[in-house]
Amino acid sequence: MDLLEYQAKELFRQQGIPVLPSQRIDRPTELKGLTIPFPVVLKSQVYTSARGKMGGIRFVENTIDAIAAAQAIFHLPIMGKYPKVLLAEAKYNAEREFYIAVALDSATRRPVLLGSQFGGVEVEAKLSKISQVVVTQEFSPYYARRLALKMGLEGKLLSAVTDIVEKMYRLFTERDLDLVEINPLAVSSNQELMALDGKIVVNDAAIGRQPELASLVATIPDQAVPHALTCSINLVEREGNIGVLCNGAGLTMATLDLLQKSKGKAANFVDLGGDYRHCCPPSVLQDRLKQAFDLITQEKSVKVVLVNILGGVASCLQVAEAIAGFLKWQSGQQVPFVVRLAGDQFHSARGLLAAMDVPVFESIDEAVLEAVKRSAAPATQSVSPPHGASQPAQTGNSPLILASA
Amino acid sequence: MDLLEYQAKELFRQQGIPVLPSQRIDRPTELKGLTIPFPVVLKSQVYTSARGKMGGIRFVENTIDAIAAAQAIFHLPIMGKYPKVLLAEAKYNAEREFYIAVALDSATRRPVLLGSQFGGVEVEAKLSKISQVVVTQEFSPYYARRLALKMGLEGKLLSAVTDIVEKMYRLFTERDLDLVEINPLAVSSNQELMALDGKIVVNDAAIGRQPELASLVATIPDQAVPHALTCSINLVEREGNIGVLCNGAGLTMATLDLLQKSKGKAANFVDLGGDYRHCCPPSVLQDRLKQAFDLITQEKSVKVVLVNILGGVASCLQVAEAIAGFLKWQSGQQVPFVVRLAGDQFHSARGLLAAMDVPVFESIDEAVLEAVKRSAAPATQSVSPPHGASQPAQTGNSPLILASA
Amino acid sequence: MSEIREVRGLGQPLPAMDFAGSRVLVQGIAEPLGALYVPLMQRYGTSIVAGVSPAFGGTEAAGIPVFDLVEQAIEQVGAVDVAVLFVAPYTMLDAALEAMAAGIRQLVLVTEGIPPLDMVRLLREAESTETFVVGPSSPGIIIPDKILLGTHPPYCYQPGSVGIISRSGTLTSEVALELTRAGLGQSIAVGIGGDAIVGSSFQQWLQILEEDEQTEAIVLVGEIGGESEETAARYIAEAIEKPVVAYVAGITAPKGQQIGHAGAIISSRIARIGTEIGSVESKLAAFKRAKVPVADRPSKIPKLVMQALEKRC
Amino acid sequence: MSEIREVRGLGQPLPAMDFAGSRVLVQGIAEPLGALYVPLMQRYGTSIVAGVSPAFGGTEAAGIPVFDLVEQAIEQVGAVDVAVLFVAPYTMLDAALEAMAAGIRQLVLVTEGIPPLDMVRLLREAESTETFVVGPSSPGIIIPDKILLGTHPPYCYQPGSVGIISRSGTLTSEVALELTRAGLGQSIAVGIGGDAIVGSSFQQWLQILEEDEQTEAIVLVGEIGGESEETAARYIAEAIEKPVVAYVAGITAPKGQQIGHAGAIISSRIARIGTEIGSVESKLAAFKRAKVPVADRPSKIPKLVMQALEKRC
């Protein structure tokens, strides 16, 4: 999960990484109480790095200009999102701009230090200039020194960058982060450093042992708190008309792929998770299915629900019972279900659901075709033969927003 | 450096190790404002573990008794020391008492976990019952579990002790300690644990990077702040009449040994340190010599000053010049000096000091004999021949108090 | 060359079939996942000789003696070959370090949600002790009708000659089920785990299956994100003689996005901004270069495997 | 047996005389101690090929090129045999880890005041890389007229056949001076360091000097506190053929107390409460059992050495 710039800077400040005096602005009128002297920079707090080019950053010289600029920024969408908060920050005269980051590298299975003398907006254009140092053993400051040297620094600047990388690394490990990035790290004319913009990605799995981060995150308006460690059901919304429920990330992706290949469009989906979440073993499967169906069918555009569950310890019958229970409870509005099951007691499961006009397939391909077919037709309670060809209305890549589960 | 019990408990509390509600008492009248309900235990805050038998711990039931008991404890010396502070603590009903410690083991060059089911006053009698676990690699909680199992624990108590040992270890490493000890660790009838008394030894060399510990230590009345990292001169007082100045701990010990063998008695001594203190290389030797002579001669009982310097980068002449300078400055009260030097420019040094009636020897043995001889005679400015036999007044083991340097 | 280094990096695993007779220890046997899967493993014939769950020492679980400490268990029941770990996420590091300190050199980490920095330390220790680690967030290993070291649902599998290597959980079983229904049994199936930082790699398992006599063809089940598939494809081209068929889930997901396994693409997002590694195109192109046929849906896999086997004969 | 383990614990040092031709790197060359002792070492003939002091890369010190990083220095000047470290106490751990990561397998740590927990990590790494570490808080090693790796004042030493092993600094030189004045030159002298946690032990050096052809007799200079002398005495009885003479400073200091080296007796204070280890009596008794003559003052050492040598011939 990403932090907003002002939250990242709060963590930088705690760690002793130099940041400018700044103030969080929730409403334009708060600029009347600004404690930072002008000139001031107002920055849209959104989760994208391209805000500068889009007008999300403005320099202001006095309170009247500041309020006007803040109103403009609050009403300026960046990549479709409006900021909930601005950051008002002192202005800084950078002579040069560096790029520094600490990230996890899955190839070496180690943290990696990244740095370049060509930071700021230049970084994308000069990717080949980014130096890397893999932290192969337990960290020690010489890894940071190695990076500073690879970046081509010397003297005072080498020491200063080493010091900041060391602090970034400590932040990275103490807070269980996936990424700490400073870009630009400004260099003043007297070779002093300042973190002008920062990005922090919190590791979702570790948030349960990071109470301070969890409370920091809770202060972001509209921010979804990571759910990886809870057993809460995570619904991902899309723009079609088929609700999808699967168990396991790989199986969910495969099912969505098949749906799209058959010209079907998902309205939303839920991945119930694999079989090895410590907090929610298959024994609580039925409750979770019920919750998931609730969420999926709350979306009015859902014309059909496709269920694809590969049973492990849980039997097909247990899944079927959960579906049957839900359909009975939901009796008024009746969204049709198409179900694919694998596992023990398949035939009992099929029998139970057949009695409720819910088709149950052994093959994913067939279940997908049936779901797509039903999504294209007007809502109906009758069961079609499994092997009909589908003719969906539209194809094309809808802008999916996918979350981790 | 040792912390007092109430300071150790403050650190325990911060680390989540269970301690009783308690209050520091600087004056008996503060007991009127006690926030802990009676019955209460009042404990003398001194650096010795034998205070219980000596009357330094008292149980009280009401304010009047508490004030009387506090007055008694404040006036009760423990091993010759009066407490500056008491600790008032809630009473606890222990069913059993364990012993737990984390220490450094110089033989294995590793931290070691220690534990026994026979804690409290039993621990000294049942030394063979203390289990040990050496933390050979980077710590992980299984080392603590290994100790709990070796102690013979199981079930809930195994988990509870593991948890406390783990917290003690984190305290040990985060704060750079030489020792963390809980004795007794009380076990209640429902198997809950409570640290009833605690001992923490802070590592003097590390205090420079432990600002919180340094400020905690600064709150102890009369507590000498560790000096290992500063270049301050450390004078150790004893009860004889010879002031001693040497460079290096080993050489200082050897010189004091020779003094005692020749029936001389040191009034005090200064170890200037070896040649590898990062903060005070030999280049500042002369200033340090001057300061040391000042301290040594401030003690009125000093009848003679014995200097034994084995020169390294510094020459004998530099040392001699410092002595000469001091003697000129000190011209009024004139304590005689006996000097042993080794190193470059020995003869120039001897010449310079001979002119001031200060004998300079090449041999420690001779210098020691001369110093002892002068300490036995009435103060005089005249130089005796180096090879006189000495007739000191007294022998016997005076109670030495030696500090680390 | 980097592939070779990688394969050497993390302990030399035994040839696949050597897992079959393993003496197994289960850590977290008294915890929910352990309680659920230990009977399944037992019924499958896995020889579980001891369980470990701190504070449960002296008890029994499913007839298996439970100890407080791994070294204590080994002292009592003798050496074990593999530990399967079902412990809670934040205690996985400690449990794995404990197993390694007690001399166990093959670990299967089942639990999901291990913080990646814990995995970094765990794998550093695994490298220095030459311990082979599968997972975390993994269904483990199954050798049909021989042994189950993890959570694979047995009904999907039957003995045969196709090896399955996968990053997924249920999707691994889905692929096995398609093969089984088509009459193609499996020599072994392994889920290496879906997280950003995992122990054993695709390459290590390709090497194991290349050397395994029982295995005649290999199915590689990948996902978008990360660069494991690209690296595996290069390794196949370099070092694997047996026929390989691939499948990649998530190929219709938008570029640079990922379902499911958090954090897996951090490094490509940062260190290789702008390059195509991790994308569908990159993975499909890599397999094409390695001449590995890619199934466009799970149900096509059996046919491609049969074609590959025929072509070879 | 524990002695044997200890000797193996921390890198196999070269035979003593192999230090003589060493190519030396100095870490902390631009810091006060480095600036002071590097010229002394150079004048003594030590071949210092490079210095390292972060932020001073590209400069020179005493004519020696200075680099920011050890690996960079080695790249430029070629492999080195020994690093001598004069860095500030709280950067010693990092500097030593850096040297080991760059492949240097012999370190002399001079600086005083290293936190013992830093030494624990440093020595753990030294054990796993088989690096030989002398110090900290140590005057280092001198081979008279050949090489100086540390701070020993040269005027105290002359070439000969007596090896000195000591926990002290100036007292080591004092003992050497007594020997030199008595006409007994030295093969090598080493101060292992006065702290609670040090790298090389008395036993390791006894073993080195036992094997060193130049050395005919050994002087062991101990102090009260700790248990190094007791362990060394047992090792001498077990494994050392050459004559050994001991001296122990602090024998008139009160029991359980210690001058100078902080923390050295923690373990005996706690783990062995009530036993006599660390006391004068314990040390003198241990040497008596090992038939090692103990000088009651430094000036008696030469005579005991001569007697021991005569007895042997």
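Every chain is named by a letter (A, B, C and D) in the order it is written, and numbering of its residues begins at 1.
As a convention for this text, a residue touches a chain if its C-beta (ideal position, glycine included) is under 8 Å from a C-beta of that chain, and two chains touch if they have at least 3 such contacts.
Just so we're on the same page, UniProt names per chain: A, B = Succinate--CoA ligase subunit beta.
Small disclaimer: the values here were computed from a predicted structure and weren't measured.
Any chain that touches chain A and also touches chain C would be listed here, but there is none. Contact with both chain A and chain B is made by C, D. A separation of 56 Å divides the Cα centre of chain B from that of chain C. Between the CA-based centres of chain B and chain D the separation comes to 26 Å, rounded to the whole angstrom. Centre to centre, using the average C-alpha position, chain C and chain D are separated by 50 Å. Chain A has residues 137-138 in contact with two or more other chains. Taken as a contact graph, with one node per protein chain and an edge wherever two chains touch, the assembly forms a single closed ring in which every chain touches exactly two others.
If you check each pair of chains against the touch rule, the ones that pass are A-C, A-D, B-C, B-D.
Put simply, chain C touches chain A in their complex at residues 6, 31-33, 36-37, 40, 86-90, 110-117, 119-120, 123-124, 137-139, 151, 153, 155-156, 166-174, 177, 194, 196-198, 221, 223-224, 226-228, 231, 249-254, 257-267, 270-274, 296-299. Against chain B, the residues of chain C that register as touching in their complex are 54-55, 57-58, 68-72, 91, 93-95, 97-98, 101, 121, 125. Contacts from chain B toward chain C in the complex involve residues 137-138, 140-142, 145-146, 148-149, 154-156, 158-159, 162.
By the touch criterion given at the top, residues 101, 103-107, 109-112, 114, 123-124, 127, 130, 132, 136-138, 172-173, 176, 178-179, 181, 201, 203-206, 208-209, 228-229, 236, 246-254, 256-258, 260-261, 271, 273-278, 281-283, 310-313, 342-344, 363-365, 397, 399-405 of chain A touch chain C in their complex.
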